[in-house]
Structure formats: C-alpha cells, structure tokens
Amino acid sequence: MARKLLALVSAVPVVVALNNGLALTPQMGWNTWNHFGCGINQDTIVNSAKALISNGLDKLGYEYVLVDDCWQADARDPDTGAPVEDKSKFPDGIKAVADQVHSLGLKFGIYSSAGTYTCGGKFGSLDYEEIDAKTYASWGVDYLKYDNCNNEGRAGTPQISYERYNNMSQALNATGRPILYSMCNWGEDGPWNFAVNIANSWRISGDIYDNFDRYDDRCPCTSMLDCKLAGFHCAMSRIIDFSAPLGQKAGKGHWNDLDMLEVGNGGMTYDEYVTHFSMWALAKSPLILGNDVTDMSDETKQIITNDAIIAVNKDTNGSPAIRVWKKPVSQGGDIQLWSITLVNYQWVFAVLNTSPVNQTVDISLLDVFIDQGSSFGSGTFTLSDLWQKDSSGNWGASVGNAQGTFTVSVNS
Amino acid sequence: MARKLLALVSAVPVVVALNNGLALTPQMGWNTWNHFGCGINQDTIVNSAKALISNGLDKLGYEYVLVDDCWQADARDPDTGAPVEDKSKFPDGIKAVADQVHSLGLKFGIYSSAGTYTCGGKFGSLDYEEIDAKTYASWGVDYLKYDNCNNEGRAGTPQISYERYNNMSQALNATGRPILYSMCNWGEDGPWNFAVNIANSWRISGDIYDNFDRYDDRCPCTSMLDCKLAGFHCAMSRIIDFSAPLGQKAGKGHWNDLDMLEVGNGGMTYDEYVTHFSMWALAKSPLILGNDVTDMSDETKQIITNDAIIAVNKDTNGSPAIRVWKKPVSQGGDIQLWSITLVNYQWVFAVLNTSPVNQTVDISLLDVFIDQGSSFGSGTFTLSDLWQKDSSGNWGASVGNAQGTFTVSVNS
Amino acid sequence: MARKLLALVSAVPVVVALNNGLALTPQMGWNTWNHFGCGINQDTIVNSAKALISNGLDKLGYEYVLVDDCWQADARDPDTGAPVEDKSKFPDGIKAVADQVHSLGLKFGIYSSAGTYTCGGKFGSLDYEEIDAKTYASWGVDYLKYDNCNNEGRAGTPQISYERYNNMSQALNATGRPILYSMCNWGEDGPWNFAVNIANSWRISGDIYDNFDRYDDRCPCTSMLDCKLAGFHCAMSRIIDFSAPLGQKAGKGHWNDLDMLEVGNGGMTYDEYVTHFSMWALAKSPLILGNDVTDMSDETKQIITNDAIIAVNKDTNGSPAIRVWKKPVSQGGDIQLWSITLVNYQWVFAVLNTSPVNQTVDISLLDVFIDQGSSFGSGTFTLSDLWQKDSSGNWGASVGNAQGTFTVSVNS
Amino acid sequence: MARKLLALVSAVPVVVALNNGLALTPQMGWNTWNHFGCGINQDTIVNSAKALISNGLDKLGYEYVLVDDCWQADARDPDTGAPVEDKSKFPDGIKAVADQVHSLGLKFGIYSSAGTYTCGGKFGSLDYEEIDAKTYASWGVDYLKYDNCNNEGRAGTPQISYERYNNMSQALNATGRPILYSMCNWGEDGPWNFAVNIANSWRISGDIYDNFDRYDDRCPCTSMLDCKLAGFHCAMSRIIDFSAPLGQKAGKGHWNDLDMLEVGNGGMTYDEYVTHFSMWALAKSPLILGNDVTDMSDETKQIITNDAIIAVNKDTNGSPAIRVWKKPVSQGGDIQLWSITLVNYQWVFAVLNTSPVNQTVDISLLDVFIDQGSSFGSGTFTLSDLWQKDSSGNWGASVGNAQGTFTVSVNS
C-alpha cells in the first residue's frame, strides 16, 4: 500500500475550466449506491445534499447529487410509457427532490440501464431512450449514470455497443438540457475507443469493492483490454492496474471512470484510502463520494477535502497520469511510478506499493519526466508532499529539492 | 479430491420457493443421456420415472423426467413439417409417454438443437422454432433442453447467439404452456451475459465426463470466458473451475448449468462423487441425475438423497457459492475455499482438494465471511458437517464450534 | 522425432464405405502445389496421373488428381465472365485434361479462392460462385480446393465466414455433379464449428513446410482456436499439435485437413516422414501427396504405400485419434500419446517424440483405452508394429502381447 | 542495441521498378508530424521540400512531402461541405503549396482521419469521403495518410473496418488521379489481412516514439495480431518485434508501415538510429523521414543517405525480411536474426541485439538461407558490411568470406 504523493513545486495549481460543455474536468459529487444501495428515499438524497453544503464539500467541487438504482416504481406509466418513481420512497416525486437539490446550489442526477431491466431489476431504458430522456429533462435532471445490465445480447463489437449507448446520447442531446452522460458499461467493447464523442465518462471495469487488494473470482480479468466478464468485487488497486493503459484515451469532457469512491466506508485503512483518493485524482477519474456524508469521521473528511489533490484532478491539462513503470517485488505485489504533467510548470508523481512490506525505492527524475526528456531529468526541482501541510495549514508542504535520483519510502 | 463440506449452523435450511415462474430454484430431475445415450425407448423413460417414485426421489425434488437426443424419427412430417418421434422406440408416441409421466406426478421434458441437425444427427429446430414449440406443448412437454450442434455459423457475438436462442424462447412463450427452457450452447458467446432474460438455465462448458480431474485435448480451454471450442470430455473438477467467475450471473429463474450428474456411473470414487454432488449444489447448478435410477448402489442412493446438500441448492437466497481463494499445491493441483450465504442466518463453506495428496488446511472465518466482513469473522459459530449424520440419522451432525482460524483435513 | 506406431491387433482392418455422398473416409490423391508450385502445365498433370497408376497408388486409394493455383488465364472471359484456363499451359483446355484423367480411372480436381484474387494473383471466385461452379462441372471437375486469399475483409465471425464459403457450397450442389468441396480458409473463424455441413474438409492451419519442427514467425499462433494470422511455413509437428483439440469435430464426410503431404520432398528424414504420414492418417486428414510421383525414391514409395497405415485412415469408425497426453521433456519438446479406436475390435496408438533425444517411455493400457475404461485397461492385447513387415511381407508384424504398462522406445 | 548489418555479396543491388501503379517499392519521403506536430505552416512545407533537394535526398528516392494533421480550418465550407485549410497557416492555400512542391520535382501528400474528427481535433473525413477525395485531387494531392481517431465504433471485425477504409479507397480511385493511399488504423482488425487490395500501406501499431526499447503502458499489447488498444509511445524495437509475423503479408504496392522515422530527432544514439533505419528498410516499411531536414547533423545525414540500405528497401523482390530466430538473453532482451532475399542472387541478414550488454553470436548459413535450404547453407559467400564504406567511399565494404557458421559481434 502506498501513500507518498509528491508535487515537484510548492504552489498549489490554479484550476481553470476554459471551454463550454460539461465535465471539462472530471465530474465531482456524491452517489447513493456504495453506502445505501437500494435503501434510499427522498430524505436520503436531500439530507446528503445538505451535508455536502454544511461540510463545505460543494466549494471544493462536489456538485452532483446522484440517485443510483432503485428509485423506480415497479412499472412505467401504463398509458404513456414514461418512467415513474417509486412513490413509497419519493412521495413528492423525483422533480421535487431535484428542485430541492437545485435550490441548494447543487446539481441533480439519476440512474438507468441500457437494458430491459436495471441491475436492481427495475425497468430499464433500452428502446425507451427518447421518452426517458425527455422525462429526465422535465424533472430537471443534470446527470445520467447509464448502466449495462440486461442488455439482451446487444454487445460484442464496438459498433454494436456504440449504437446502444449512442441512442441515449442522442436522446439526451435532443432534450436541449445539458445532461452529463456517464456511461457504465464496465469497459465492454472498449468505450475508451468508441465512446469519446458520445459520453462524458465511461466506467472501465466491474464495480469496486471496499478493499485494497483482495482478489476473488468475481472480478476475473487481468486486463480490461478484451475482458469478456468485467464482473464486480474489484479491489481498489486492481482498478488502478486496469486503468494504466487507458489514461491516453481520456481528456476534457471524456474521462475514464474508475468507479465511485469507497473512502469512509470502512474496508480500508487511512493510508489505503489516501492512496485510493490520490490515484483516482491522478487518473482523472470522476470523484464521486460513496460514503454517508451525513456521518463522517475526521479522517474521512480530511482525505476528501485535500484541495491539493483535488487540484490535480481539476488541472486543465487534462491528461491523466502515466504509469512510468511497474516493478514486481519478491514478497509479492509491485512498486509503481506514476507521473502527471500539470499546467503552470508543475508535475506530480506517485509511488504506489502493493506489496505486503514497506519499501524504499530510488526514483529518477528521468523517469518522472518521461515525456519531457533528458534536459528536465537533469534539472533541480522543489519537492512538496501533497499529504503534508505547511506552516499555514495548507496541503503540500515543501520537503526539499529533488535532483538526479532521490529516495522515497513507501509504507506497506 | 475433496470431501469436507461444513455448514456453520446446525439446522437444515428451510427451502421456500416464493415467486411464480419456473426454476425459482435450480431444476432437479433425471435425463437419459449420460447412462443410456441414444439407446432409449418408451420403457426406458417410464421405468425410470417409476424408479424416481419408488426410491422417493420425487419427494426430494427430482421432478423432471427428460428425454435427451435420439427420440426423433429420421425426418419431419413431410406435409406439415412438424417433428415426429421414432416409432420403433416410441410406438405409443411421445405424448403417451408424457401422459404416463404426468400420471406419476412428475414432469416431462424433451430435447432438440438450435441447429439444422441435433448432435446425434437427427433433425434440429433451427428455423422450425414455432412448429416445434407448438408440437411440444401439444404433447404436454414441460421442459426443453436446447443444444448447439450444427448451428451453421450463427455464432460469434452475443447478439448473433442471442437471436438464435431467443427465437425458441419466444416460440415457447407463445405456446401459453409453461416450459422450462434449458439452453445448452456450451457457454459460447457468454450466455451468462446475454441469456439471463430468455432462458431458465444455460450450460457453461463442454460435456462432462465421468472422471474427477483427467485432462485431454477434447476440452481444450482453460477458462470459459472467451473459449472458442468448448469441446466435451471435461473432467468434473475442471467444470467446477470454469464455474468460479460465473456464479455472480446466476439467480432465481436463470442458472448456470454445470451439466448433468455422473454420480453412480462408475468413473469416480465415493469421495469424488460426494464432491461432485456437493459442488453442483453449491454452484446452484440444476441437479439432473445421469445414472440408471432403476439400478442404483446404496452409496449412489445415499449421495443423491442427502437432503442437507439439496437444501443448499434449493435455498431461496439464490446466489451461488463464491470461490474465496484457490491456492496451488506443490504436488500439483490446488486447494480451494468456496462459501455461500443462505437465508435464515446460515452459511455453507466447502474446501476442495484437487491435489494428489491429503491436505490439512487452515480456514479463516474472515475468508468464509468474505461478504459479511470483519464483525462476522470474529464471531463464534456452530459447525456442522453436511456429510455426517446426527444421532437422529439426519445429515448435518454438529462437529463443534468455529472461531477465528480452524483446521480442516481434506482427503486426496 | 517419433516413429513408433503400433496396432493392437494383428489383422489389417477391413475398410468399408457405407453411405452415399463423398469423402466417407478422408480423400486421397495428389496435388501439384507442394512440389511444382505455379510451374505446371497439362503434361505435369497427365504424367503424374499416369504415375499414380503405374506405381499402383490408385489401388491404395489415391484417386484425386488435383491442379492447384496458376491454371488460370490472366482474366475471365470478357463476354461471359466465365473462368478461362491459361492456354500456354493448357493448350487443350482443362476439360481435355480432366477427360484424360478420367480415362485413367481417376478423378480430377481444381483450385480457386474465396476472394477477388487467388493466392497466386489469378482471378478469384468471390461473387462469381455460380458461373465458376457451373464451368467446373462442365469441365468434369470432381473436387474443388477453395482458398482464402484476398477475401476483402469478409471474415471475423463464424457467420461472416460461413456465408462466404456457403455461397460456393450451394453453387457446387446446384450443378448436380458430385464435387468434393475442400475448404482452405486456414482455420479462420473455426470451420470445424461452422462448416461441418457445407464442406467435405477444411484446412486447420497455415500452409505446411517440409520440416519436422522448425519454428519461425511466419506461423505465429500457438493454437488455432482463435488465431488471427494463420500464416504459412508451419512445421509438420506444429500442425499435429494444432490438430489435437480439433479431432472431435471431424467425421464421415467432413474432415480436418492438416494440409498436403511433404513425404518425398526432401526436407525431412525417413523417420520424420514416417511420423508425418502416420499422424496424418491417425488424424483422419486427407492424404494428398505433394511430391513428384513421376520420380520417387524407394523410401518415399515405401512410406506412402504402407497399406496398414492407410487402412487406419480409411477405417469406417470415422473419429480421428485422440491425444491422450502430452508431457514436456527436460531437453525441450515433448512426448505425446495418441490413440484411435477402429471398427472390428482394433485400436492403434502412436507415441510421438518431439524432443532432440531418444526417449524410452512407459505406456499404460489404461491410457490407450481412454474411452473404453478400466476393464479394457486390465486386459491382454496382441501388439503389432504397423511399420514392420511380417514374414509374408505385410505391414504390421506382431511384436508380442501388451498388458498393464509396457515400455516403448522412440528415436529422436 | 544492435547495429551489425551484413550483405552477402559485394555489389549494391540494382533497383528496378517494373509495374504500373504506385508504391511498387515502399514509398519514401518526409512528413511534418514527428518533429513539428501541429506547429506547421506553408513555409515549413516548402522549406523542407527545398531541403530534400539541396541535400540530394530526392535523388535517393525521398519524393513525397507530406503534411500531417492540423492543416485544416476549424470547419468545412458551410455551403459545399468541402474541406478548407487553415488560412492562418496556409494563406496561399494548400493547392499553392502543392504546386510549389511539384515545381521542385517532388510529390505532395496530405492527412485526414476515417473518423468524425482527426486525432488533433480537426474535422475528419468519415462520411465525407467523396467530396474530400475530389478536393484533394483538385489540389494536386498525390498521397493520403488516413488515420483512425474518432471512428465512432466502426470497428471490431475485419468486415467493419474494411468498409470504412474502402470508402475512401474507392473515392480516391474515382478521382482519376493516382493518389497513394496510406492507411493508418494502427493494425486494428488486421489490415494485413483485409486491406491488401485497397491500400498501398497500412500502419501495424500505435505511434512510434523516439526511444530504442523503453516500455510504458501507453503501448500495452505484446503482439499486434489481436491487439485491442494499439496506443502510442511504442519504442522502436517493440515495433520491430510487432512486425515479425506480418512481413509475409506485404508485397509490391501493399506494405506494412512501421511508422515514420525518428532518425535525427535526438532520442537515440547513432548505433540505435542505424538499427532503426536498417530494420525499417529490411521490413520493407515506407521510409518517411520525421526529422527537421532543414537542420541535420552529419551523422543523421549519413544514416538516411546510406544507399546500400535504401537499395534493400527498394529491391524489387518485394518480400520483407524474415525473422529466423529470436533467442532470449539471460541479462534481459534478446538476440534476433533476420534474413531477406534480394533479386540478383544477393541476400542481406541482420543481427539485432536488444539486451543491455554486448553480444558475440554464432550465425549459421543454414539459418540465413532458411528459404533456400541446405545446398545454400553449405556454400561459400562473399560478405559485405552495409554500414562500412569501401575504398571508393561506397557503402558495403567487403569483409571476407562466409562459410558454415561464423561469428558476429553486436554492441549493446
């Protein structure tokens, strides 16, 4: 387990979003699923939205409040075919909840599946794209997470998957309302290849679970490049591994989604959650909180409010971090070096340790500057640790200069 | 070879099927193929049906009497195109046999292939789905096993395979008669992904053969996730291995089919058959007997009538067992831990030994409770062995308490 | 290199072809390509046909005289679109050559490609199937080898490949003339799955070259199950390896084609050619001579006229040999055991040595009788060596009895 | 790193192009991308064209001057839909630049993508093939590099990719102007299989970067035969490895493109660039310079003007070099032997060392003559080193005779 994350200059990067359109930097927010699953109602949503405000999370960028699966009634409106909410959970209706979220200055999102049913067994949107998009827009929806369960075999080539997901993309665009489109087809048929112009983000793997590196057969593939069963129960560090070749495909408005965060849900240590949050930020993944934001420990709050790390995620350079190398360790696991170039002459690198023991490792500037070349590699740089605070209480305390090859210690 | 199977509470789980529809728990019954192959006639069927009753197997859930391949005449009815039975084997007709089976309180099933010919070279149902389904319904058929031979290249993507198998699914539904639909496309193109809403079960691999772990090239793939030649002659423990990542895709009304049972056919030892029966039950595979039920040894009968094991298969929780880990053994083969959560606060785990020597292995409750977490892992549980009888002669004798890490011995 | 091949009974099996249709046993004959390439003319064909007769090869079953690529003119008939022969090579026309071959009591075959051009750059038959088939039939053609070059991307799923090859199959059938259809798509998209009802044989790999086991990158796949570049220059023992899982898919009228024989072309030793000929026979591959039959050494002639080996190939049981095991050898390469069941209570097994040193290996009857089971494995059998002659000069001299486990020596 | 390249006869091969059509030998020229990226304008093009002349590069065959991405305006002509150039970079228009290039006796090429956008985000040609091809022809374009970015999921089988790329091929042909068609789909779906009759060359991998053998995750596949993410940042020696099985698919008018040259861009040593240039020539890759030809070092100029190496590339035999063997080295990396047959009784072989240490290796003539056989392997041959000059200053100094097995030293 790794937790050293160092910025090579002391100033926290300035974050500027320049273009029109959505998700110019990866979306941030909160989603019901990881903590509440199907056990949601309108109070869950509104209370969590209020907690985002009261904890100051909105000011850091967490702006989307997302209702995941199980908001639906048992069936569509029998007359119009329109989607209907479960009135026992949402007695005032989804629109009223969206209005409340909007009145708090936040944005509101919803969930469906590009299948006959959702993963939770509710009605899906396959072949109902137009009426569903229109209804969502009429409710004031700003964001759609669009899942892959029950797709009735409409997969197997990029072309087949593109057509299914583009149907909803076109339907959302046709509403005239800007709705962030978050594809969740678990990397099937390579959305990083086919979906760059139809979605704002796409999941790259099966669902995360709240664990650093435990493997079981429910997440069976060793790479997502041609995985035929993405599964679920994918440990956090496996998803980092899956993401390594895919960073090249992400950019402004179209991101690799490493899945919602587990920070604060209890399955990992503090150091492990620091790694989790840091690597999601460097991979330019959407940062969607998955814990109960109405009831957080100080540690959890500290991690998700590290504005130096969030700034890396929001940096306008757009390109995710590159994995420079991954070296196996004799005790099992590996050490990895990741590096990312920010605007404003700043770079961030991370050393990741997935072995069961502490590691001390030599890092070469020539490696950190893999895309800048030898002239950078021979320079001198100010080194800051984004997980230490300086005397003013700001994240990113200076820890000296870096030159040539320097040594980093990483806990197990 | 493994044979330790332990339940963590003493009471045998209560089995309740709640919903409408078929196969709410995996179907159980008897099929002609593994023992009789093409050497069948109407007496084979009726005598076996009677033997199910006389041996009390019906009361345990074995309710389907299934005629596999070779019941067909050489050709369809030249005028109507309807399927016709081989009159030399079925002089009274299939309908009369079905009537007799029904009169015994059992259900009746039949076989065809989604191809131009069946695997045995008889006429297949490809492009004859409607007339075949209607005819089956008119005969009183309750179950169709639908094979994959001679599919004329209609495969290669989930979409292509879905269309071919959905044609029969729709045709069966259109008859108005509830007919359990048992797909047998050997895992091609991933039926666990594409067939969840069109079939009650799907085979995941090539045909089983009556052997614990012998490998030959006729079952060439090492995983079913993208296997291009499922083949046949797949040893029992290989099919267990194939099933490990697929359990997540099964549930009420749609099951992974690990193929028909070989218990009692003579190619494995008692311990090996115990493993076979146990793992099929934990994987929530249909339990379709494949031996000669008119002539069974006491050992065979004992295995297939273990109602504690059958209760695991019939538990309404629905989710198959999870393989928690698989550890290679220096002598070859491996040790595996499987765990399944039942309703009513009960769990079953199995330790599987595919190495050539006896193994003693430490089992951690934290592993058994992979989905319940650390609070369960630190508890104390009553441990029962589902293959030992208690003083009342019931399967599942208590063998003490389990706490933390405990030791299990598993025969080779 | 291996060369021990033993039959377990002394009598040479009787060969009977029972059904109508073609290739009830694998076709036998001679083809121009391996020795002459494009350097052919009508004399090459007629002289070779005569040599088949004068050497008595016709009586052993070598009945097809096959013209491979390069018989075509530069272009089709500009008016009719019909295929035209190269008049400089075939001044009397293909029909005249076919007539001569027929007058010798032999059958005549020709070549084309399911592409815009043949592999040799001549016009192909893609989208000209009907006129080509009709023309071949009018010439008296009995056999078509149908290649895969220049297929213009019509590949990638079994369905796409099926359609392309079925077009010619239907066209040949429509002529009313029985024409053996020999597909040569190098195993692409799995013809053993999709082509069983449309072709009499299908090539399983890239082209053979006249070498026992030398590897280079032109034959890059290690298995044909999902090979995306079959290539060519595949050493003989690699093709044997490729064939191991595919035997299960072959049978009467539809065979795996391991490519034409290289026996007599000079790139292998006597022992290696014995292995080549033996394994092709056991794999139920077509036996198509590829040497210059007008100029053969005694050794070459001896190999290709071993009627005990040919009888294995022609045995009416139909199923190819099974590879029972393949064991790596520390010096590199492996030892393999293959076994085949004949009609008339006879079995043949082969021990193949691809390692660089001589090997002595224990063979268990339980392995030889993998499909007969333990009762056979404990019996006593008469053992004959199909490459030794008895006192009457017949192949298959008795070499004693076999029981339990016995020892076989195999040269490198 | 390797740099020994030896020709087996002393005379530099005569190069003759015989047929009509384009790219009878692999195209040669210069392209803007590797050095200038998007930072181009009309002066960049014209000055570089002049530099080709002043350095005598045109006389060696470098005839195409190629404008890569970023020549386009922000949008097509709103009225006609025709492509429009960026007037700030090309104030006189593309046609004027093409005219200037033609007036220098050189040929002119341009770039687009078979997608909705180019890789640089400009308008692409997908579904605009006809008007784009017509416009290019009207501008006097002689060459089109056609990329794969933003293909909107139109990929996944050879058939799908063929259709997309054939659309432009047909459009170019329909203009009546001979335009060399250089496909750049990064090897997706196997253009070496599907594109032989629709393109003059096809890229086989993700983009090269200026480095001998450094690996990172942006070039994730280990083979191109079924790579689902070609990526970019592929080190030079990895592309050589990718090309090994593909040489068999190239020939006159249809070549494997190993990507543009990096010689002179600074990321490799002299010896490494010698290897780069040599292996590109032997692989019959197009030789497209990627450095700044207006500002070259003597070393760079020496490498790209080695006419003995260029003659290998231009040899009319057409077939790329074959990798005879690749042997791992204990220190990491490997030694490889490549061999190519030229016309006029000449052969060239190369020994490639990718290990970190110097290597001394025995080379057997039997290996060099893999396709000529044992009679050649036992002969005596004059040996010349194509990277040494003779007393007249010509590349290819004689270095003695070769017989049987001889020893070669290769630097690290």
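Chains: A, B, C and D, in written order; residue numbering restarts at 1 for each.
One rule holds in what follows: a residue touches a chain if its C-beta (ideal position, glycine included) is under 8 Å from a C-beta of that chain, and two chains touch if they have at least 3 such contacts.
All of these numbers come straight from a predicted model, not from anything done at the bench.
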Checklist entry - Where the contacts of chain C and chain D overlap, which chains show up? => result none
Next on the checklist: Given that chain A and chain D are copies of one sequence and touch, is their interface built from the same residue numbers on both sides (over half shared) or different ones?
Outcome noted: different
Checklist entry - Measuring from the mean C-alpha position of chain A to the mean C-alpha position of chain C, what distance in angstrom results? => result 56
Next on the checklist: Based only on mean CA positions, could you tell me how far chain A sits from chain B in angstrom?
Outcome noted: 40
Checklist entry - In chain A, which residues are in touch with two or more of the other chains? => result 156-157, 160, 226
Next on the checklist: How are the chains arranged in terms of who touches whom: line, ring, star, complete or other?
Outcome noted: ring
Checklist outcome for this item: As the complex stands, chain B meets chain C at residues 116-117, 150-157, 160, 216-218, 220-221, 226-229, 231-233, 267
Checklist outcome for this item: Note: in the complex, chain B contacts chain A through residues 156-163, 166, 189-190, 192-198, 223, 225-226, 244-248, 322-326, 370, 373
